[in-house]
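Across the two complexes that follow, chain A remains constant while its partner is chain B and subsequently chain C.
Let's look at the complex of A and B:
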């Protein structure tokens, strides 16, 4: 059986694409991020991702974020939605 | 004696080009230009090195020049605008000498006063006869105006016309005449038409762009300049062109007839000329096929040299007769200085072009910009690179409000009287930062990769190489 995964968002300007992938049993949470505003807001995006992952108890996944300059609320919404889809197995 | 040379190589040899010299090019073929790459590769094959390349602009198609920098064929660059792989290579510090960034008016000034001395000018010519009478309005690679090439043709030591469309002598109309041309070379193709001109430039459908544009047109009306004889220039980008759309509506409904539109001419301006909303168009460069057709067919569509367009040392130039210009920005600071050369991460992605020329010349200079562009606030404390000085900028129009340069007390008063949403520029900055968060400061090395030369020849800023993170 393949690994679980889910995604939310898009690569449109001012949006982001979030992909969540299941990792091997026992592996830790991993956040991979790239952004067109990485220099200015990269730390902030990683911080939000960690915060939501902790809140939702996601610890055995890889969260891939491709950001195209989204605002914080969009980043939160996309990550939360991706996690929900992941958990429902959509 | 015939001026036709059997090959580009023979023409370069005949020109006497040597190590350490300066070659020049114009950019009317834009991202469809084959000539710069063709010439530089021939120069490299001839073993000539340490060349300064002075083009009015470079586009992504000129990425192959990066190779000639690596080999030492090119060691210096002058231009008014640069985008694509070449800009990336310069940002990464590949060129030892800093690039000299000028403006569309500063370049002809530098050429005419000798501070930019051109040894050999290569002129991409959509149509030429065997004696070098040139125009850009006909042929398979037609680009319309040849304005930027005219100072080069006048002042270069040697001039080589490169054409894919040799016509019988005498060619006409003549944009650059035979008295200035030394050699003519015929090649298969000088450019890719799809990269030279776009189809028809469309007015943006972005609703935010339209809010900005409507406000910008209201500002023009409130300024008192919207009356018979108005002259107007705008960029072809998003909100700028949309402003022309709303200005046009106001002109039609008010029965107002303008004197001239200027640019960078697009189909939108051609329509305004043909519909009688402008008496004339002043054209240094055509952006689309309709503009090319119009300059070929309509005597009221006037081709001008870069000098006549914007040279501040000329006895007069067209930007000085301009009423209103609408321009874009990648950043604008709280003193109204504008950056159009680097992005907020310090990467080179453009240049003044005619930005600072028209801003200084026009009676009313309006910057139109979204308050945030991909999260980055457009209003900053200090622009990364100062290209257009704040004292030449009158108004910033965003979707969240209109900021007026405090020096324009008169304008501030009339905008407020008309009920337009005038706010302090600092307030716009705070609004943007509240939405996006305060951006972390980008760090730079102390290595200078470019000089910003203002139109009068003064160096007003330096471009530093961004630090690797």
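Let's look at the complex of A and C:
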């Protein structure tokens, strides 16, 4: 059986695409991010991702984020949706 | 609610975050037709986060949830109702008991008694039952007519002239008025045809509609302009309300102005004018 993964969002302007991939047993949470506003908001995006991952107890996954200038609420929403889909196995 | 209501796709962050500056009195974030079946969860979560964190100053916010014959509507309702929404649009409304059920769920999950409901009547059965629907809950602010689905349901061809919806429009206005709520007309779907929009809006106003929905921000200004009352109508309405409230305060049973008795229809007309002008007036008949 392949590894679990899920995604949410899009690469449209003001949106972001979030992909969550299962890691090997024992491996830690990893967040990989690129953004068109990385210099200004890169740290903030990583911070939000860590916050939601901790809240949802996601510690054995890789979260890949491709940001197209999304605001905080959209970043939160897309990560939440990706995690919920990951948990549901969608 | 104002006179113009604008649909905004519920899963599009660029539009969701700019919805407050598009010129609408009421924004309708759409979770129904504008969102694909496999994206309902994402749109619901996006709107929840937007409503909890964004300020939409100068307009009211509502959400069109999915229809009650789907598996989505209750999740939609329970998610957005506690996120700071002003109102909900209920599609495919056909029976008063369904709207009552939604109203009861709202009562049980939120203390916000002022969350309003706008049933969207868009089927032959819904049009038949419009008064029953309009009178089914104290939360109902208005009845919204959806002509595209209605026309398909009765087997007619939808035209710009709108002859095929003439009877239904009249029945919607009448049913809404009988229940003491507003009537909102169907959107004009040709975004580029501004002359057609104006003609259709003027006709809807003449039929008695209180406002009109749109699917394009380009239409908002034209709709507002057509429904906006004349200055003298606004001044008259303000005088009527001042007189009625003064009479009520001094214990007079009957209010009169310029030698004429001010009865209920005159007050209701004045309230309608003030609503269209965006002037808040809390007066209610007991």
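Convention: the second predicted complex is superposed on the first by the 90 of 90 C-alpha atoms of A that agree within 3 Å, B and C clash if a C-alpha of one lies under 4 Å from a C-alpha of the other, contacts with A are read in each partner's own complex, and residues count from 1 in each chain.
Here is the rule we use: a residue touches a chain if its C-beta (ideal position, glycine included) is under 8 Å from a C-beta of that chain, and two chains touch if they have at least 3 such contacts.
Please read all numbers here as calculations on a predicted model, not as lab measurements.
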(request) Considering only the touch criterion stated at the top, classify A:71 as touching first (chain B), second (chain C), both, or neither. (result) both
(message) Quick one: is A:44 in contact with chain B, with chain C, with both, or with neither? Answer first, second, both or neither.
(response) first
(message) Quick check on the superposed pair: does A:36 touch chain B, chain C, both, or neither? Answer first, second, both or neither.
(response) first
(message) Quick check on the superposed pair: does A:85 touch chain B, chain C, both, or neither? Answer first, second, both or neither.
(response) second
(message) With both complexes overlaid on chain A, does A:14 touch chain B (first), chain C (second), both or neither?
(response) both
(message) Just to be sure I follow: which residues of chain A are touched by chain B in one complex and then by chain C in the other one?
(response) 13-14, 70-72
(message) With touch defined as at the start, can you tell me which chain C residues reach chain A in the complex?
(response) 12-14, 16-17, 41-42, 45-46, 48-50, 52-54
(message) Which residues of chain A touch chain B once you look at their complex with the stated criterion?
(response) 13-14, 36-41, 43-44, 68-72
(message) If we count contacts the way the header does, which residues on chain B are in touch with chain A in the complex?
(response) 344-345, 372-376, 435-437, 439-440, 442, 469
(request) State the interface residues of chain A toward chain C in the complex, per the touch definition above. (result) 8-9, 12-15, 70-74, 76-78, 80-81, 84-85
